[in-house]
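For reference, the structures are reproduced in the following blocks.
The same chain A turns up in both complexes below, where it pairs with chain B and then with chain C.
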Partner chain A sequence: MITQTLIRALDRKALFVVALLLFIAVAVPVSNLYLPEGHPLRVPDHFVPLFGKYLTYAMLALALDLVWGYCGILSLGHGAFFALGGYAMGMYLMRQIGDRGVYANPVLPDFMVFLNWKELPWFWHGFDMFWFAALMVVAVPGLLAFVFGWLAFRSRVTGVYLSIISQAMTYALLLAFFRNDMGFGGNNGLTDFKDILGTPIQSGTTRAVLFAASAIALALAFLVCSAIVRSKLGKVLVAVRDAESRTRFLGYRVDNYKLFAFTASAIIAGIAGALYVPQVGIINPGEFAPANSIEIVIWTAVGGRGTLIGPIIGAVLVNAGKSWFTGVLPEFWLFALGGLFVAVTILLPKGIVGAFTGGWSALKARRASARAEEGTNLSGDLKTSPAE
Partner chain B sequence: MSVIRLVISMIATLLLLAATAPSMAQTDPLQTLVQALPKGGYAEREKVILDLAGTGDPRVADVLGALGKGDLYTLKDSGTVIVATGRGNSLETADPLTGKALGAVDKSGLDKIRVNNRLRRAIDSAVGQLTLMGKDPATRLAAAQSMLKTTDPAAIGMLDTAIAQEDDARVKTAMEQARAAALLKSDAALENKIAAIDTLIAKGDREALAFLTGARSGASADLLPAIESGIKSIEDKLAFWSALQNVWYGLSLGSVLLLAAIGLAITFGVMGVINMAHGEIVMLGAYTTFVVQEVIRNNFPGLFDYSLAIALPLAFLVTGAVGVAIERGIIRWLYGRPLETLLATWGLSLILQQTVRTIFGPNNREVGNPSWMSGAFDLWGLSITWNRLWIVIFAMIVFAVLLAVLNRTPLGLQMRAVTQNRRMASSMGIRTPWVDALTFGLGSGIAGIAGVALSQIDNVSPNLGQSYIIDSFMVVVFGGVGNLWGTLVGALTLGIANKFLEPYAGAVLGKILILVFIILFIQRRPRGLFALKGRAVDA
Partner chain C sequence: MGRQETLLYLDGVSVSFDGFKAINNLSLIVGHNELQAIIGPNGAGKTTMMDIITGKTRPDEGDVYFSGTVDLTKLDEAAIAELGIGRKFQKPTVFESHTIRDNLELALKKPRDVFSAWFYQPDDKDTARIDEILDMVRLTARAQELAANLSHGQKQWLEIGMLLAQDPQLLLVDEPVAGMTDAETVETAKLLKDIATTRSVVVVEHDMSFIRDLAARVTVLAEGSVLAQGSLDHVSADPRVIESYLGR
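This part shows the complex of A and B:
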């Protein structure tokens, strides 16, 4: 009931959100490129990639929300899909450097020359073509999520166990990508990019275009997610979240629904990663760190899980806060972030958007969140998980 | 009085005479030989060295040692052989045989007696043979070992005499091994060589393996099978010991994992609370040790060896109190919502880390090992460090105590009752919130004393906890939630598996393989090795 009204309410807002994102996609680049220096409405150069980064984070949070907020799967490994998408894009960008690297090798990236490798490893072939890299951005995270999800959901690994093994997955990938022998640049990752699609990656125009691309991609992801959750399929996902066993007993193949949501979410995360890398100019194994994946969860939680707009707001707010804090009071950022985790889970279980839609008055909000809590209680991740 | 004085002075004179006698007696054959050292070329000198060694006089060792080091000179004007040591232009001289100081002499008045590599070898083996007959067993052992390295077939006779006289079993074995190694190189009869191979097989270490592989290349067809089988048996033996060493390393890593995970087994396993701040509580325990050691260092340096004994209860109290505070402040609002608990405690872990970083700084803090925990000893073929051994023992004690607490005390009974059926327990008059707080406090306290142990083998830094948290969860999930035995088996299995994978796959890849294994294992047994059965699972 609550969820349905929530969805309907968001449904009315969906158009607004998409329109807003498209407006940003046009307005920010235009203001940066065409307004004169010092104009009050001009977005400064360094803000363009920064905001672009927030948008890719928002997309990542949206992807997590699809599985966590709507399907009850708390993945602590979504950073891995993001990073894999990022690595696929990074490999394309590395190949575009060509002979402009330090060692001027036309084929091998610098780190391979440095490691005395003679030829390109097999998995680097094809990444000189953009279409192939773009395919891999979708395919690699999607495939990993499919295999992981297929194994996990089929054997009914749920709740906390799933969270922990998804964390183990990203941790294993972190360790693997730190190895030089893996052929992904080891500790330093991939960086020093020059061109993307033939245009210099550092130029203002490219950055503006990348920003626009991120905003449009986010809008598209929002539309896709919104379509998913509004469809019958989305209703089943919510049913799985709220009462998995009951849904299974009603005859739905719960595993398949979860697998679909998980894979779709991983693909969105991968695309977000691919847009993230050219804007920040580096991808390294640190992106696989379990801490990063947990941070994604907090963006979603702050904004409000189980709503589609919540994760976007949460990701932008938390990251803007992080940028501000690390500039002003770097040593207090972890206090603030940690406090946010504690405060949001205890005081705002439905996040900002959840509290907002619950009603204006404090009393009403309290009641709504109490009722919403009852709902989540029933979904009870360990509680109603099926007996062996 | 005067008689006594007279006797004393007479004895002193006699002693003095006795001490100076050899140098006075120019007829001493040793003296003649020493004086012959500078004469002629290297070939003649080698002959003199062999003659010197042939005398068997222990004093010869010093002379030859000095010659080998290049400290033996002749005085230009008299041609007398002396030992000269020191730096600069003026050297301190002494008589080579008696060691009596002869005063400082300018370098320009001295001629060095030169040696080449061939002579050095001759000197080494001569010195080795001489010390082989020495009085001190340690010297004889050192000599036998050095002869094992040189393996000179010419020394076999010497060794035979030495072995016949030797009564120290250890030294005798070393001599026999040296003899066997030398025998293999010589052209002795076949059966002697085979006996030598047997001696080397009994020695059975890498050195013996090297001798046998060295002998294989030049061996006759009759000898080859014996050498081959000897190499094989030594290799098998070495493989066995290295496997055993791996088991030990694995046990040691496993008990570290056990210590880190066992507190989690209580909070996660018994209470179903995901405490992501568990690693930070371990870290708090380690920092408690640091503070205790600082206080002791500054105020009571004599108590340093007891610092861990003092730190253990303190760490338990500190972290237990922190645990109770966490449970009362945060976790009790989140029962039944495990995923939210996970997030809140993660946030808490960030806060704890940053707090410690603010107070103690971001760098590693030095926590010392008490004397009884440093060093190592050899057990058969294994090298075992004391701190690892103590940690294995300590982990087992902690495990046993915890098991006893859970199964034999009223608190344990109440804890199990609350875990199995909260409402029924509450109806029976158990104050469940109180039990919750104490259980969480117990789990945290155990984590704290794990921190004391880990401070002995790991860097004490604000990141200490993070490096253990994932491993601990793996152990608990692998072993099976809600079962301490599962945690024990899980920790030891993962530890040993990790150490066996390391030589083949490398440390990092080994760890990745373990993680992948656990991910796959969870698919097969979603509730771990030792799963709770029945209704308790869903409670």
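This part shows the complex of A and C:
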């Protein structure tokens, strides 16, 4: 039963995406580590964490696509789940610093010593163990999404109202994490990481492994999403998006379906955040900023929502554009981003992938009808010139 | 007929919205395998009545029982649908971005929980049932097309097909022939009469010739309660019905 569902998830397009991601997962680290400096095919050192970051953003956009593209829930707070996953990883990395911090306290992170705290707050316990932190990366965003979704969907909060409260949620978390006495490092956040799983976080090998992990995680997330949307479950999600009350009157508990999609999406976003933090070396409350969550929506829209592949392309393209643009014309980036969103909404309402597949299927339909016409012409043995 | 023998039993049901009594002391009975037509002027409370039966609206007072024993006022839409009440909306509502076959597959009576849906595989029996329904609503040739491409009348038929796939005991059908040609209307009447041999069907409609084709018991609603009941000839002779509905 489960294998069948997985096999169905792997149609040709999905197989191509997964194969490509796995290829990248191997090729980029190998080229970076084993090719000599200056080789034309060598991926430069600084590109490895940069591309790795793009991959985690792609995973975040994929997560949003599951709820927005397929279930019609426009979450403007998905950055919160990403950031929470990131904080869980950041807490593990902080505990790994040990006595190598500025204040050389073997247990307390520097910011706690600075704040004159005498012992570790209860919620920091356990984060010295990787498995516990990894569990929290999944559990904290998942639980928040579950509680938030349970309250919102059961009360039938939909549409723009849901978008607004999701935005309020991430804003509330932003304000909370800014406070020093929350115990998450206040506005400086968590940084100065040294080790991950016993290896130095700045080393080329670690970075290459983190890159490979991001690519593989993205491939797995893509597979899971693909298995969801290509099953009857996915069809129900689309049904909820297009005609919610019809779905309800067919006997489906719409709230449970939304809750499932929302929670699954938050977990994927959390894992993406956990992979993001060791590659950029910092997590701070800025990640909860509503603007970040809105950017995710733009990546997804640019790539094409409801396609799974589109958001991955959108996230990578927009962020590569951002890296280039902020280098050349830093003060104009936000204008460019806004302009891009307007342009995509007007010119490519289905995004890059949507426009591409739309054009392709229109072409196929034209070809098919042309063939059909030829067929009738041949059978009737008529010689007609094409009516162009 | 006592409550136990009925399929649907409404007694003294009232509901008001902002002081306006949409349904006023309405009592109505639907028997097993009965075809019943409901007519009435706009604002008579026909759609509100369906909302109450399907759990969308809670009545302020009164009893609503299914199969004589199940209190529908305590259940929500999904539970009532699973119990065996299917509803066709006034405006045909199908899943436009799904194929016609997928529309029926979604409606097919199967476990409705998330994980059953995730790992669902149609078996031969399901496929056969869908084929049968496709045939019944004459959409076999278009099964793989998107529902969005159907004409208004065909969407109505698809929605009736979805209702059948749900395998309900009671079908509530709101204006099934709106937007249909005369020939399609006649076919629809035949289809609904067929369905009513094994299930109960309640049809809300304005089209008098269609009601005549149905040859069913007619209930006239006006201002939220039953004005008259009986054969079409009987109710159309009723002076109150003529005054409140037919005469206009």
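Note that the second predicted complex is superposed on the first by the 348 of 388 C-alpha atoms of A that agree within 3 Å, B and C clash if a C-alpha of one lies under 4 Å from a C-alpha of the other, contacts with A are read in each partner's own complex, and residues count from 1 in each chain.
The rule we apply is simple: contacts are C-beta pairs under 8 Å (C-beta built on N, C-alpha and C of every residue); 3 or more make two chains touch, one makes a residue touch a chain.
Not measured: the values here are computed from a predicted model.
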{"item": "Joint occupancy of chain A by chain B and chain C, clash or fit", "value": "fit"}
{"item": "Between chain B and chain C, more extensive residue contact with chain A", "value": "B"}
{"item": "First, second, both or neither for A:D192, with chain B first and chain C second", "value": "neither"}
{"item": "Touching partner for A:D128 - first (chain B), second (chain C), both, neither", "value": "neither"}
{"item": "Which of chain B and chain C A:D45 touches, first, second, both or neither", "value": "neither"}
{"item": "Which of chain B and chain C A:Y252 touches, first, second, both or neither", "value": "second"}
{"item": "Overlay on chain A, chain C to chain B nearest C-alpha distance, Å", "value": "8"}
{"item": "Parts of chain A lying in touch with chain C, wherever the complex brings them together", "value": "1-2, 4-5, 227-228, 231-233, 235-236, 238-239, 242-243, 245-254, 256-257, 260"}
{"item": "Residues of chain A that touch chain B when the two form their complex", "value": "74, 148, 151-152, 154-161, 163-165, 167-169, 171-172, 175-176, 178-179, 290-291, 294, 297-298, 301, 331-332, 334-335, 337-342, 344-346, 349, 376-377, 380-385, 387-388"}
{"item": "Residues on chain B engaged by chain A in the complex (per definition of touch)", "value": "272, 274, 276, 330, 333-334, 336-344, 346-351, 353-355, 357-358, 466, 470, 473-474, 477, 508-509, 511-512, 515-516, 518-520, 522-524, 526-527, 531, 533, 535, 537-538"}
{"item": "Chain C - residues contacting chain A, complex", "value": "54, 56, 77-78, 81-82, 86-87, 89, 93-98, 102, 105-107, 112-114, 117-121, 162, 166"}
